[in-house]
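Given below, in the form of structure tokens, are the structures.
What follows is a pair of complexes built around chain A, which joins chain B in one and chain C in the other.
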Partner chain A sequence: MFEGISTQLLFGQLLLGLINGSFYAMLSMGLAIIFGLMNVVNFTHGAQYMLGAFVAWLLLNHLGLGYWYSLILAPIVVAGFGMVMERLLLRPLQNLDHLYGLLATYAVALIVEGLARYQYGSTGLPYENPISGGVNLGFMFLPYYRLWVVVFSIVTCIVTWLLIEHTKLGAYLRAANENPRIVETFGINVPKMMTLTYGFGVGLAALSGVLAAPIYQVSPSMGSSLMIVVFAVVVIGGMGSIMGAAVTGYMLGIIEGLTKVIYPEAASVVIFLFMIVALYLRPAGMFASKESV
Partner chain B sequence: MNSLAEARPVAAQAMLKVKSLSAWYAESKVLHGMTFDVREGELLTLIGRNGAGKTTTLRSIMGIVRKRTGSINFSGQELIGKRTFEIARLGIGYCPEERAIFSSLSVRENLFLPPVLREGGLSDEALYATFPNLKARAGSQGTKLSGGEQQMLAIARILRTGSRLVLLDEPSEGLAPVVVKEIGEIIHGLKAQGFTIVLVEQNLRFARQVADRHVVVENGKVVDILTNEELSADMGRIKTYLGV
Partner chain C sequence: MQRVLFLTIVAAFAIAAPFFFYSVTLMTIMCFVVFACSFNLLLGYTGLLCFGHAMFFGGAAYVTGYVLQSTPLSTELAILAGGAAAGLLGAVIGYLTMKRQGIQFAMITLAFSQFIYFIFLQAPFTGGEDGMQAIPRNDLFGVIDISSNLTFYYVVLAITALCVFIYYRVVHSPYGEVLKAVRDNQPRVESLGFDPEKIKLVAFIISAAMAGIAGGMKATVYQFATLTDASWPVSGEVILMTLLGGLGTLTGPVFGAAIIILLNDYLAGFGEWALISQGVILLVVIVFFRRGFVGELSALKRSFLRRKTGSAGSGTPAAEAIKARS
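Take a look at the complex of A and B:
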């Protein structure tokens, strides 16, 4: 089957798939965390990712703060915006139907993207690659920055997973995910926890945005084009399953990359075909626990 | 009517005073002016038929039912208007009817989830001594425990937080007689250790074995308050309320 396909092309696309997968994984993990605790389908996630990249660009161009500063500062700034948004917009909608949260977050996404487009136009802004160069592996050329993105994203996903599965803080989160009322009877300020969790999920999106800035153009629509796939990833992985979201993210990135080599025409639909099959076989998602089926 | 109870050594001052408590679920009024108090160190039951408002009373004390009027005074602090987590931090532990063991947490994580809010709670050793089963199964998934073990876990986890008042909602429900007996002994032990306990019960036999006083609830109102002695002396009186 792989006859006639150069290894150069195969590995090139695999790497590309892994890069895309890194973004899918980080973004869908944030979405899954937010959905799990708050039952909010955060449609602003893509815009928050875009904001991360824009904040990095602004820090560089207006304050002279480079990539490494942005990697820390941009997620904090955007998470702050997210927490204000949670308090003012999402909390009042908390006891209403899911649909209200979905529409409200979608509205914010449109507004944020619109403002970014108004101010900076729809053509992308370039962001300089902070780690230039690469290494020739013989069968392919591996740019250092891309290697950094993959490694950083894997580490971020593992750290996030450990935080949620193996710490006391994570136990609060998992418990509140199941039954927030009872967790509150233990004296835990669940509303505050929700604000911080939303901030954390949004911060992850912004962090992905900073990572993406040197690879893709910093543009107002960079988030929305990615989000359709990311939502598919979350649905396939199982809404609220954190590890499921990350693993599915990488897997789909790679599947997408391989499809580009084997049958390029199908590359843009393969994820959705996969979603149909996966949901047919496991309606609650591949990594959903039995209880939620 | 309460002369007997007032003469008891346990009859110290009231720790919890509930006065004219009314509560609503959405538009429907469930409690219609409940008045009773719980004395320090006492074990008080709320008994009554299904749907009488016993669980709602506990949920109103905890602030889980938000829409409520009247007064709930705990050690001088008014609870109405406070959020659930603020109420818990004053030193009230709550064990819900559904037990609410978390399936995504291990037994150990379930047990140690509630943070220690004040001094005076059971130490980890004392806790495991009281609930040896939980130690043996500390690594299992919380919901893999038997019903009785889950009930013990639900009680155990609120004992290390330093709460002085614990609200137990039907701990005997759905359990085999031998397990009910075990839980009765545990509750007895807690009382001996100085916990003040409000117990919602439908199981009259179980209630009689552990309680100091009984508050009879009907249609969201307190219709009678009797001491355990009065209850034993006049079982007919209570059976008319419960319709048994």
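Take a look at the complex of A and C:
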């Protein structure tokens, strides 16, 4: 099947696909968590990812704090912004039609992206690679930083999944999604939990942004185009399933990478084609376990 | 009687307008009035949030432009072809997405519009990033010369009036009532023997075709079609117009489109501020004025009238609610 295609090109694109897939997975996981508990489609997700990268850039250039500090600090800062946003904006809209929550997050995304572009222009800002060098595997050159991104994102996804599916906290979260009133009668502060959940999902987005900063340039529009692809990923994986979202993310990243080798013209649309097929075959979502909301 | 008077004033204003204002701006507003009406039909009356309506708008612009460039067909037929193509696209996408409800529908339509956008980016006939240039305005009905902007203004006005009339008829038909019922309580409509999916699909197709007419008109007004018209910020813009004007109101899209187009014109020189101000307006509308411009005005009028007749004792909230329900 791959005759005439150099192994170097093939593995190079596979790695690139895996990197992209790592971002798809982490972002769609965050989206699925927020949607699962709050029934909010977080259109600010892309902007929050971008903010993560920008906070990392600002920390480096204004406070001299490097990549490893940013990996912890940037998600906390952006999650804080997210929690404030949840309390001031999403909470009052909670009992209305869900589309208002969606549109409100879209409006915030417009404002955040617009302000970033006003301040820093549309061109990307470079961010220094914290782990330079790489290893020659014989059939391809593997930069250490890319390896780090893939490993780190897989660990993050598994930890997040364990946290939500196999801890008491996660059980509360899922229960609050099913029936918030009953969970409240057990003495659990559901609104506070929602704020924290939103913060957690936003933090995941910002963490992806920090990870992305040394690979892609830090630019105001880095989030919006990526977010639409992530939406398609979430649609394919099914909105309710956190693990489904992550697995689909990696899978589609790799498929996209392979398409670049086999038929480059289709690379930008292959994920959407998969979405169409998935919609046709499984109208309720690939990994969907319950009725679509 | 009041309505006839109102329509006469509107018609007189519309006919005289190009002598006082820049006709291209007026035509742009009308294109977006039709576009916003098509969107309001979907979101305001059916409760479907399509976040990719630009694909119909921008797609039809290309089709209309292509027809005008490569065939001698008259302009009105080319615009109609744009609408038909958009309706067809709407039928395919609607068929695939109608099963997913509520907010998922928004994500899927957004993803679809991005898919279509990438296709336009790579397809040879669209001209890629440069867009489709020098679209001619073929003679109306094959005989009337419409190359001057003033003459063409009246063509656009006629098409807009026709579209708004159709929109009005759809909303006020028995079918429109069923649409509103689907929006408010889908299971109930289903229990009455209707097929809500089919009803929504038809609304989606009508809306897509109407958005296509709007896009085709825009392509002939500016005589070029670009990728921008099919990009997601335009989808966001039409949502903003509809919400700002008033969701599910008849005249809302007119005000919403006019305000946003004029604002864009005014802010065109300020770079990013157009986008930022759109975000701020959307946020303010969502948080404080969910009924939109027209909705808030009529609510104000109602509360004013109620205060006048309030002493008679008939204006209690409960009485109002019962009256509204019967």
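Throughout what follows, the second predicted complex is superposed on the first by the 289 of 293 C-alpha atoms of A that agree within 3 Å, B and C clash if a C-alpha of one lies under 4 Å from a C-alpha of the other, contacts with A are read in each partner's own complex, and residues count from 1 in each chain.
In this section, a residue touches a chain if its C-beta (ideal position, glycine included) is under 8 Å from a C-beta of that chain, and two chains touch if they have at least 3 such contacts.
Quick caveat: nothing in here was measured; it's all calculated off a predicted structure.
A.B. asks: Which chain makes contact with more of the residues of chain A, chain B or else chain C?
C.D. replies: Tallying touched residues of chain A, the top partner is C.
A.B. asks: Now for A:S6: first (chain B), second (chain C), both, or neither, which partner does it touch?
C.D. replies: neither
A.B. asks: Regarding the shared-chain residue A:A232, is it in contact with chain B (first), chain C (second), both, or neither?
C.D. replies: The answer is second: A:A232 touches chain C but not chain B.
A.B. asks: Quick one: classify A:I111 as touching chain B (first), chain C (second), both or neither.
C.D. replies: second
A.B. asks: If you stack the two complexes on chain A, which partner ends up touching A:S132: first (chain B), second (chain C), both, or neither?
C.D. replies: Touch status of A:S132: no partner.
A.B. asks: Looking at the overlay, what does A:R181 touch: chain B (first), chain C (second), both, or neither?
C.D. replies: Once the two structures are laid over each other on A, A:R181 reaches chain B alone.
A.B. asks: In the superposed arrangement, which partner chain does A:V190 touch: chain B (first), chain C (second), both, or neither?
C.D. replies: Only chain B; A:V190 stays clear of chain C.
A.B. asks: Of the partners chain B and chain C, which touch A:T167 in the superposed model: first, second, both, neither?
C.D. replies: A:T167 contacts neither chain B nor chain C.
A.B. asks: Just to be sure I follow: which residues of chain A are touched by chain B in one complex and then by chain C in the other one?
C.D. replies: In chain A, no position sits in both the chain B and chain C interfaces.
A.B. asks: Spell out the residues on chain B that touch chain A in their complex, using ranges where they run on.
C.D. replies: Counting only chain B, the residues touching chain A are 62, 64, 83-85, 88-89, 93-94, 96, 100, 102-105, 109, 112-115, 117, 158, 161.
A.B. asks: Per the contact definition, I'd like the list of chain A residues that touch chain C in the complex.
C.D. replies: Residue list for chain A touching chain C: 39, 41, 89, 92-93, 96-100, 102-104, 106-111, 113-115, 117-118, 224, 228-229, 231-232, 234-235, 239, 265, 268-269, 272-273, 275-276, 279-280, 283-284, 292-293.
A.B. asks: Taking the touch rule as given, give the residues of chain C at its contact with chain A in the complex, in rising order.
C.D. replies: Residue list for chain C touching chain A: 43, 47, 49, 96-97, 99-104, 106-108, 110-112, 114-115, 118-119, 121-122, 232, 236, 239, 243, 271-273, 275-276, 278-280, 282-283, 286-287, 290.
A.B. asks: Hey, which residues of chain A end up touching chain B in the complex?
C.D. replies: Going by the criterion above, the answer is residues 168, 171-172, 174-175, 177-179, 181-191, 289, 291.
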